[in-house]
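Take a look at the structure below.
Note that the chains are named A, B, C and D in the order they appear, and that numbering of residues resets to 1 at the start of each chain.
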């Protein structure tokens, strides 16, 4: 088995329809909670393909049609099963439809999929860097990381205050906003830059829009800090069937749904983030 | 509901469309459950070419109303890589294996066919002359004479069933089917994806890294039914019908249009066990209308 | 957003697709409001043939995922009936009139063209060589030489702009467009409906009275964009783009693919003022991305 | 203007979205009520093209896509506009979606469309014959018909008791059911047959499944009773644009949405009802 095997929980074969057990709003974001009776606990950084069990389609441009990929935000054992949480930013017909789902309605899921985060190397302190809705996989990762020997440092960047409301989903986060309305005025990579200078060697975990990930990658290469980046790509299937989600890496084009979404920064190249992307907001 | 197709006894008439299900990847993701409830009655490999191919640059996907536009570009490990890395795992699947091949010259196709002809793991071959993403595919498959010349060369190279996969991007797919039949094809399959394009919103540049792509999914089903029906009227060899099958009712429509088997493609992306659901729904429908789509 | 097309100054770039809006019927149903807020910048008649036609037997419609399959079969009053009963009312519309004609022989087309050439009410003519429901339409429009011969005969018969409407059911629509341009066409329009079929559920009989039909609506838009793009690369005359336009974004995509005008067809069935909405949305989008789709 | 002009109220140009002000169930049927702020009062027998304002699509077979035709069941002036009512039987993806609409949600309508019923000739008593969901246009017609000199006779046929619950939407109806669970065991045309023998000459108004209409037509020809039949055909547009809704008549193929849906029985032929139809249930 490969080194990444531990970060991959296998998915039940086929979609299953879960009941939405909760829905909450956090500024620009919606958190959906659904009860998973049959699924195994996911690894932090893994994702699910989601769609609403009814009326998935007929939105703007007669879409959505395919399911959409979402990082697991949290997974906690509940009374009747696993409580899965997802963080949704409505940016198009699929996310809009998901964001309007009501408690009690059905959420059709496939997952957990992909490979998640690997634990920090010995002696390295975890530094979590999130941008926008990319904070999602960092929440479950913060939950699972041991507080000792190092508590995780959490650095989050957002566009404005409305988005920065998402920071409440993690604990002890330092925040940067583009418009300075909350925290540091500027980029979250400014915070990372400073953080890399402070204390023992860092292992960086990052998820966010492509320009942010590219900046994190460059910074970590410069500082020789190991980094694991959770990427995005347009996905049709999520389980390696369509060959659609490729990203350029040092090993050539790889299927992100299968080999990622978490990839070592060292495996990436200058081209990785040059592909027209899903358009995440920071 | 067992079905006889070119001498193969299949458990039901639903197989996968080439390039829309990677059984090796699926096993990594879903584990043993894949083998235990394999959704298809035969497994069709993604197109294998002589040399390895990276495929087209990203982005490769664009969602359409009730459909998908893709320009994957036939990435594959090449013949050698397939034989070494993929064939052993695919031979272990609980269903017969159909290898889909494509060549950029007749000689390449000959090499592929003669190689797989000698492999006991391979139950049948599907010849892709129809992929709209690669120059040759389009040209060969749209012209009856090209297909005839190709088949004349490669047909003698194997005793295994040879299925010719037709392109829908032709004025007269039935004429191509006739050429394939006359030159010894055991079956034809259709439709491959229909040439389509999407622009990067607000620009005159293509969205897809490959420029144009192919349309699949429910959006193309009526076009598939029409082409299957006209091919059915023109040839007597069996047809593998595909294009937008998402339910048992869809499958039944293509069977009634003249297909012997149906293949599920894009719908598997929405649910990896779609093939099994389609087969089960089909079973129920056929029990209700026993005269329909008898195989 | 006024647009110049073949010498016609149109208020915006959105017209109707032939056969998808009957302005005379609409006036009966909606009254004066039709004229007051006419949704299109030019009006294209339903195809006129020399002799009257009843059209195909019912049923003529089948709903598809994000689309429609129809086999209307070109019912019309014939040239005489059109001139007497329809032309006066259509001439009174607040926009230029484009008459769509089709003939079963070159001589018939010539007769139609030369007749309308003499009518001041007619601003331009669209030549339907592409209707998939009638034998000739398919064959003429799929073959560059046929189109060339036809145009050579009829082009000299009129000074009015002549638009050739291409069929998508051809291996190479761009080659047909080149033939049309070389033989003097002022513009081409595409796509007409794509040949499709639906079966009466649970039987092997066609649902449509006409047997096969044509697919339209959002389901075909990516196919339309691709064909428009390849025709754009091959000819320099203007293109009327159509196929699945339901919004300003859709219209912009076809304009960016190379069209000068876009036509709205099936979407008008969902809302008779869809054309006006599309034009308004397009206006907003173009104001946002000023470099895009400039006419 | 033609003789039928009075039975045609013109529609506002373009669809409008109405708010659903009520929804009730009557056995197998659902009645939707919506407030029409801008539309004129329809004529009995006219119809509307309906769709839900949201999520119209993505049902069984990735449909519906086009709007659906519905006879107006009732139209009554309300506080803030016209209260339009429609009777829905869920038989496919479009009617299923409409039937699940909730109060307060949007109903997108085009109409009133087509030509409705003409008043009975002098000295004729109106006999209303409905089958299944075809009772809808008869309800508004019964409301509008003068009680003198003749009260309308109402004869309704249904499949079973669940469907016969719809009879409560008209007053004083005689009912027949196929299974005899309510009223006469047999066809509604049995009731009509008897009714044509009783009293002064009848003018028949009928709406229902094609076999019922064909039986009514034959009966009325035999008895030389004038009859106005409200037909159905698959429709894409409802306003004469698509030429899709043709029915064979003595005058050749006519567009039902424009010349009908109410047609004189005398204009019909043996072929009229031979076209594969929408599959109304009796």
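In the analysis below, a contact is a pair of C-beta atoms (placed from the backbone, for glycine too) under 8 Å apart; a residue touches a chain by one contact, two chains touch by 3 or more.
Note that the structure is a prediction, hence the values are computed from the model and not measured.
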* Name, by label, each chain that touches both members of the pair subunit B and subunit D. => A, C
* Name whichever of A-B and A-C has more C-beta pairs touching across its two chains. => A-B
* Asked: From the centre of subunit C, which chain's CA centre is farthest?
  -> A
* To do: Taking C-D as the reference interface, identify its repeat among A-C, A-B or B-D, namely the pair sharing over half of the contact pairs by residue number.
  => A-B
* Structure fact -> dist(centroid_CA(subunit A), centroid_CA(subunit C)) in Å evaluates to 47
* Whole-Å gap separating subunit B and subunit C, where each centre is the average of the chain's CA atoms -> 34
* Asked: Where the CA atoms of subunit A average out and where those of subunit D average out, how many Å apart are those spots?
  -> 54
* To do: Can you check how far apart subunit A and subunit B are, centre to centre, with Cα atoms defining each centre and the answer in Å?
  => 34
* Structure fact -> Among all residues of subunit B, those touching at least two other chains are 62, 64-67, 217-218, 249
* Asked: On subunit D, where are the residues touching two or more other chains?
  -> 57, 61-62
* Just say which it is for the chain contacts: an open line, a closed ring, a star, complete, or other. => complete
* Quick one: in the complex, what on subunit D touches subunit C? -> 8, 10-15, 51, 57, 61-67, 110, 113, 233-237, 239-248, 252-253, 255, 258, 275-276
* Asked: Any idea which subunit C residues touch subunit D in the complex?
  -> 19-22, 25-26, 28-31, 33-34, 37, 46, 54-55, 57-68, 70, 72, 75, 200, 207, 209, 217, 266, 268-273, 276
* Please name which positions on subunit A make contact with subunit D in the complex. => 54-59, 62
* Which residues of subunit C touch subunit B in their complex? -> 62, 64-67, 69, 142, 169-171, 194-199, 201-204, 206, 212-213, 215, 217-223, 225-227, 229, 244, 249, 252-253, 256-258, 285, 288-289, 292-293
* Tell me, which parts of subunit C touch subunit A in their complex? -> 66, 218, 246-247, 249-250
